[in-house]
Structures are given as C-alpha cells and as structure tokens.
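Each of the next two complexes has chain A plus one other chain: chain B in the first, chain C in the second.
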Partner chain A sequence: MRAYLRVAGAVARKDLRTELRSREMLPALGQFVVLALLIANFGFDVGTGGSRIAPGVLWLTITFAGLLAFGRTFAAERDQASLEALLLTPASRAAIFAGKALAAAAVLAACEVVLVPALGVFFGTPVLSLPLAAALVMVTIGMAGLGCLFAAIAAQTRARDLLLPVLSLPLWVPFVVVGGRAVQVALGGGGELNGALALLLDFDILFVVVASLAAKFVLDD
Partner chain B sequence: MAPRADLLRLAAVADALLLLLATGLVVFYAPADAVQGVVQKIFYLHVPAAIAAYMAFAVVLVGGLVYLWNESPAADRLARAAAEVGLVLTTVTLVMGSIWAKPIWGTYWVPWDARLVSTLVLWLIYAGYLLMRRIATPGRQAARFGAVVGIVGFIDVPIVHFSVTWWRTIHPPIETAAPGALPPAMLLTFAISSLAVLLLAAVLIGYRYRLEALRERLAAALDR
Partner chain C sequence: MRAIEAVGLRQRYGTRTVLGPLDLVLEEGERLAVLGENGSGKTTLLRLLATAARPAGGELRLLGLDASTERTELRGRIGYLGDVAGHYPALTALENLEFFCDLQGVERPRARATLELVGLAAAAHRPAAELSRGMAQRLGLARATLHAPQLLVLDEPDAGLDEEGREVLAAVVAGRTLVLATHDRELASRLCQKSLDLSRRGLEVYR
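Let's turn to the complex of A and B:
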C-alpha cells in the first residue's frame, strides 16, 4: 500500500511538473472555458434569467473540458513513446494509472477554479459556495477515474479523439444526473443536497475501484 | 470451435415457426387492453426485446470476464457477437417503446424518465463498444479493451437507472411482477413471444459467432 501511494504520488507529481513547465494545457483549458461561456451567453436567451440556465452551461463546459484534459494525459505519453518507458518500470499498473488520474483530476479542478467565477460574472451565480465546491470536487474525482481509463484505451488506438467522448460521455451520465441536481441546489434551486453528495461519494468509490482494477488490463502490453 | 451449421439452421427454422405462432397469438388470441386498447400489444415485442437485450449484454459481461481470466479467443468472439445482437434488440426496444408512448403518454420521448434514459445510455455504451472494436487493432488488444468496456458498461447501466429513478420516473412498473395482474391469455401470449425473441437472439448470436470463427480460420489458413 505504501509503495502504491509512493508510485501514484510520483507519477502525479511528474505529470503536474510537466504541465507547470510547459504551460500548455491550463492556458488552453482556461481559454476554452471562457469561450464556452461566451458562446452560451449568445446561444441562450439570457434575458429571461441567466441563473436558470447556468447549471446546464456549467455541465456542458465541465464534461467537454474533462474530455480535453483526460485525453491529453495519455495522448502526450503516447506521442513521446514515454508510456512504454513508464510501463517498463516494475511499478504496479494500477498505481501508475492512479497517479495519472490524480494529475488529470487536478488539471480539471484548476479549470473549474476558472469556470466558477467566470460563470458568476456571465450568469450572476454565487462564486464562493461550499456546496458547489463539494459537488464539483466529487464529480471531478469520479469523472477522472472513468475518463482516464477510457483515455488510456483511446490513446492506444487510431482515431483516439473520436473514441474518448463516445466511451466516456455515456458512462459519466450518473455523475451528470446526480451532480447536476447537487449543483442546481447549490446555485439556488430547491431540493435536498446531502443525499446527492452522499450518492456522489458512493459513485466515486465504486468507479475509482472499478477503474483501478481495470487499469491493469488496459495498460498491459 | 464453431457451432455446427445444421444445428443452427434447425434452431432458426424452429424459431421462425415460433415467431409465426407468437404473431398469431398476439393478433388473434390475446385480448385488447381495457384501457390502452390495441396499442398495448406492442408490449409483446417491446418487453421480450428488452429482456433479450439485457441477456445479450450479460453475455458480453461474462465473455469479457472469461477473456480477462484466460484470454480465450472464443469468449471474446461470443462477447462481440452478443454486443451486436444486443444493440439491435435495444434499438427495437427503444423504437417500439416510442411508438407505444405516442398515443399513451402523448409524446414519443420523455427526456427525464429513468427507464428511458437508462435504455438510451445502454444503447450508447454498446454503440461505443462496437465503434471501439472497429477502431482498435484487432487481436489481443481489442479483445482486452472490449472486455473492459463491456464490464464497466454493464456496471454503469443499473447505476444510471438508479440515479434517474432517484430523480423521478413515469414508466409503468413491470406489470407481470404482481401475480394475477395479467389475464392468462395475455400471460401465455407473452410467454410464447418472449421465448420466440430469446431464441431469435440466441440464433443470431450463434450465426454471428460462427461467421467470426470461420473468418478467423480463413485468415489463419491464408497466413500459412
């Protein structure tokens, strides 16, 4: 278990350090988020109440930003052929996968740090909201687990950009449904929050366990 | 090892007769529903197709687990055949359900209903599975990816269903669940049509499996 955590931590640190030094993903994702909100702002009839459509805009932006972020984690390794080097080490495949998923989750979380205030500016939603933050953290963890599993599959095929959304989006539906409810409550709609958060936690545990078990077969060569 | 062609043909002929019998029962024997009228008869195709689809996807799940266990190409071939047949049956379920919903609910599609959403997501997951099988390099890698997607996808479906139910549902509960809820004539018709559709699914999977096995044998023979 200690070795597992050490490997996962090292892989996550490596990915985040690469990102901090190259500064490719985060600026691109930040711009993507702002542009998505700009498009939503003109696509929807905001005059009738921006806060009513804000949760939907938030979800569209998060899911597509997630596809970009998770797709890069394995595609970059694949392009540099460094995935093979990583897999040649005696470290467990599950730990390597966990590290990469952790780093990808951190990148998506950083993207949400831009998204939430921008949403507040465009649609007048609350920016500093603990329930909103809690829901987003839990959704990000679960989405990263599943998304990185499929990103690892997609990166090893041709036409990987095509495959990742087709595999990930249907399996993210539970997070979108329950997380969607939690976000609606957090942004001022009626309903119960604790049940939704508890359910999201259950989904996180289930899918993180399933993805770690499956990672061994996906990263095996 | 492929299923024998003569046995498959026998099963296909038997099922054609069974399908004819089921059609006859649905049209002439089963009474029209007191409330819904003749539209309710869609149920005799809609529900068996849904059951057969779930069973086909369960075969994908088991095939995937067996493949990850012992890398048997037969298990993967079975899983792939079942995924294709399951996707067709899910399409039948969705289309029949929509046709039923139009006169009864007044709309083809209710976007927030648990059973409808989970069936649509089921369709999307296995459509993704088949697309992945097409894109991935055939062989061990595609089989392993297929097993993973087949297993994770199957786990996801009840969870999608549960999360939307937790939201809300208007789909009628499974009516056969309560004993005596259906008159015997309806029950008999339903049993025969279920049997016919399930056998059809099995025959289609058998043919698909055989085709794949023959194709692999041909490829191996050409290599030599």
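Let's turn to the complex of A and C:
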C-alpha cells in the first residue's frame, strides 16, 4: 500500500508540476470555459430563466473541458517518448493510473473554479453552494477515472483525438444525468439532493474500481 | 547465473520477420556489443531484452526469469536506455531522476549521486528541455543505472556523446553485465568482451 501511494503521489506531483511550469492546459481550459459560457449566454434566451438552463450549460462545458484535460494525460507522455520509460519500471500500473487520474482531476477541478463564478456572472446562479461543490467533486472523480482509462487506450492509436470522445461520452452519460439533477436541486430546483449525491457516490466507486482494474491491462503492452 | 538465455528468439512486425531465429547466451558479468546495419534488428533485440516488447516466438530467460511471464520483477533488475531518451522537459535533471527513484523504489539521494557519476551535477537544476543532446544522453544513462540494475541494456548510448561523455559511459558500464547496440566498432571492442553482428549473424569474441 505504501509503494502504491508513493508511486501514485509521485506521478500526480510530476504531472501537476509539469502543468504548472509548462502552462499547457490551464490557461487554455480557463479561456475555453469562459468562451463556452459566453456563447451559451448569447445562444440561449437567458432572460429570467438563467438558473433553469444553467445546469445543462455547466455539464456541457465540463464534459468538453474534461475531454481536453484527460486527453493530454497519456498523449503528452507518448509525445515526449517518456511513457515507455515510465512503464519499464516495476511500479504498479494501477498506481501509475491513479496518479495520472488524480492530476487530471485536479486540472479539471481548477477549471471548475473558473467555471462556477463565470456561470454566476452569465446565468445568475449562486457561486458559493455546498451541494453544488459536492456534486462537482463527485462527478469530477468519476469522470477522471473513466476519462484517463480511455485516454490511455486512445493514446496508443493514431486517431486518439477522435477515439477519446467516442469512448468516453457514452459512459459519462450517467454522471451528466445524475449530476445535472443534483445541480438543478442545488440551484433551487425541486427534487431530492441526497438521493442524487448518493447515486453519484455509487457511480464513483463503481467506475473508479473498474477503471483501476482495467488500467493494469491497458497499460501493459 | 546466466544473464541472458535466448533460444530461437524471433520478432515479427506484421508478416515481416525482423529478428531471428536467434540463440544467445550471456553470462553474468559479460559485456556484449550488438552490431549491424540499419534495419538489422539491433533495437528490436534490445527492446526484447529490456522487456519493452514481447517476442513473436522462441524462449527468452533474463537473470533466470521468464521474460514473458515475470516482467514486473525483471523491470526492477534491468536498466534500459532506448534510442530516444524520453525525459520530462519541464522537470530539471534532478527532478527527472528523483521521479524515477520513486517509481523504482530507491532512496531519493541516489538521484544526486548518480548525476555526479555521469558528470551532470552542475546541470542538476537545469530543465531537461535545456540540456544538450549529449547531456540528455548522460541523463538517460543516469536513469538507466539509478536502481543499480543487474543487466544494463543500452541502445546507441554513444549518440551525441563527446570524448568526455564516452569516458563517462566507459566508467558507468565498467563491471556491469551489459548489452550495448552501437555502430562504432572501436567503442564496441573497447567496452565489451564480445560482439554479435546481426547483419552477419556472427558472434565474435574480442578477448
């Protein structure tokens, strides 16, 4: 277990340090989410019903931001030819995968820190909401698990930019549906919040466990 | 113990056979140079020996273990420098090695000591992206030897190295079990006890 945590921590630290120094993803993702909200603001007739369509806009933006964030996790390793060196160590594949998913989740969470206030500005939704934050954290964890698994598969192909959305989007649907419901409630709509959050937790456990088990086979040549 | 024991080792890409069938034995402590023209299968052979690829046929035992089924254990005992060094450009030389210390399960101070061994102590805090080709190659050598491997597999480690770098290479491989691919026959005869020419399929003993 100690070795697992050491490797996962080292991989996550390395990925985040690389991102903070190279600034490859974060500024672009920040711009992307603000532009997506700006387009949605002009595209929809917001009027007084901003908070009604805000959850849909939120999840659409997170879904596409996630594709961008997770797509780079293994593609960057492959581009700089470091993936082979990484995999030729005795480190556990599951730990390497966990570290990658953790770093990618942190990048997406940073993107959400820009997204939520921007959503408040464009759609008049509350910026500080504990239920909203809880729903976002749970969805981010589950999406990162699945997204990184498919990013690892896609990185081994030439058509990785196309393959990642084709593989990820269908399996992200449960998160979008239940997350959408949770956010709708958190933003003042009707319904039960606890049930939606409990379902998100179930999805997280299921998909993170399945992705971790599958990672061993995906990352083994 | 035998470091390498290959019987009928073959590799194929699609329908094209690119290596073998090859029989090869290397005792522990021996150093073998793999020679041959471009496309003769040097890199393919070294990738098999580093467990970076699975053979299409034949048997391969490394350090007494099966190279197909005991790969994880072998990977902690083999050091490999491929034809592309593959460092993390945004990390410094030291950070690159410390990261691999964590993955190999060795203490982090080993990173600085290994950098000194390859003559890169002064460049420890320079990002890998700013290292010259020869320095990046030395960093690759440091990464390959970081965990004191029992078998060292180096694919053209002399590429980009100046005279001082070649001295470093000689010092690093001294006393180790080594398989080295190179086009430089003089370097091969200097560093290794025997050579295998994949173009001619001949094993030559230097001394």
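Here is the rule we use: the second predicted complex is superposed on the first by the 220 of 221 C-alpha atoms of A that agree within 3 Å, B and C clash if a C-alpha of one lies under 4 Å from a C-alpha of the other, contacts with A are read in each partner's own complex, and residues count from 1 in each chain.
The rule we apply is simple: a residue touches a chain if its C-beta (ideal position, glycine included) is under 8 Å from a C-beta of that chain, and two chains touch if they have at least 3 such contacts.
Quantities reported herein were computed from a predicted structural model and do not represent experimental measurements.
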Quiz item: In the superposed arrangement, does A:162 touch chain B (first), chain C (second), both or neither?
Solution: first
Practice problem: Would you check which partner chain A:209 touches, where first means chain B only, second means chain C only, and both and neither mean what they say? | Solution: neither
Quiz item: More residues of chain A are touched by which partner: chain B or chain C?
Solution: B
Self-check item: First (chain B), second (chain C), both or neither touched by A:121
Solution: neither
Quiz item: So, A:21: does it touch chain B (first), chain C (second), both, or neither?
Solution: second
Quiz item: A:5 contacts which: chain B (first), chain C (second), both, neither?
Solution: neither
Practice problem: Go through the superposed model and pick first if A:218 touches only chain B, second if only chain C, both, or neither. | Solution: first
Quiz prompt | Overlap of the chain B and chain C footprints on chain A, listed as residue numbers | solution = 221
Quiz prompt | Residues of chain C that touch chain A when the two form their complex | solution = 50-54, 72-73, 75-76, 78, 80, 82, 84-91, 95, 99-100, 102-105, 127, 143
Exercise. Can you check the complex and tell me which residues of chain A touch chain C?
Key: 3, 6-7, 9-11, 14, 17-18, 21-22, 80-86, 88-91, 221
Practice problem: Could you pull out which chain B residues touch chain A in their complex? | Solution: 68, 117, 121, 124-125, 127-128, 131-132, 135-137, 141, 144-145, 147-149, 151-153, 155-156, 159-160, 162-164, 166-167
Quiz item: Which residues, counting only chain A, touch chain B once they are in their complex?
Solution: 146, 149-150, 153, 156-159, 162-163, 166-167, 169-171, 173-174, 177-178, 181, 195, 199, 203, 206, 210-211, 214, 217-218, 220-221
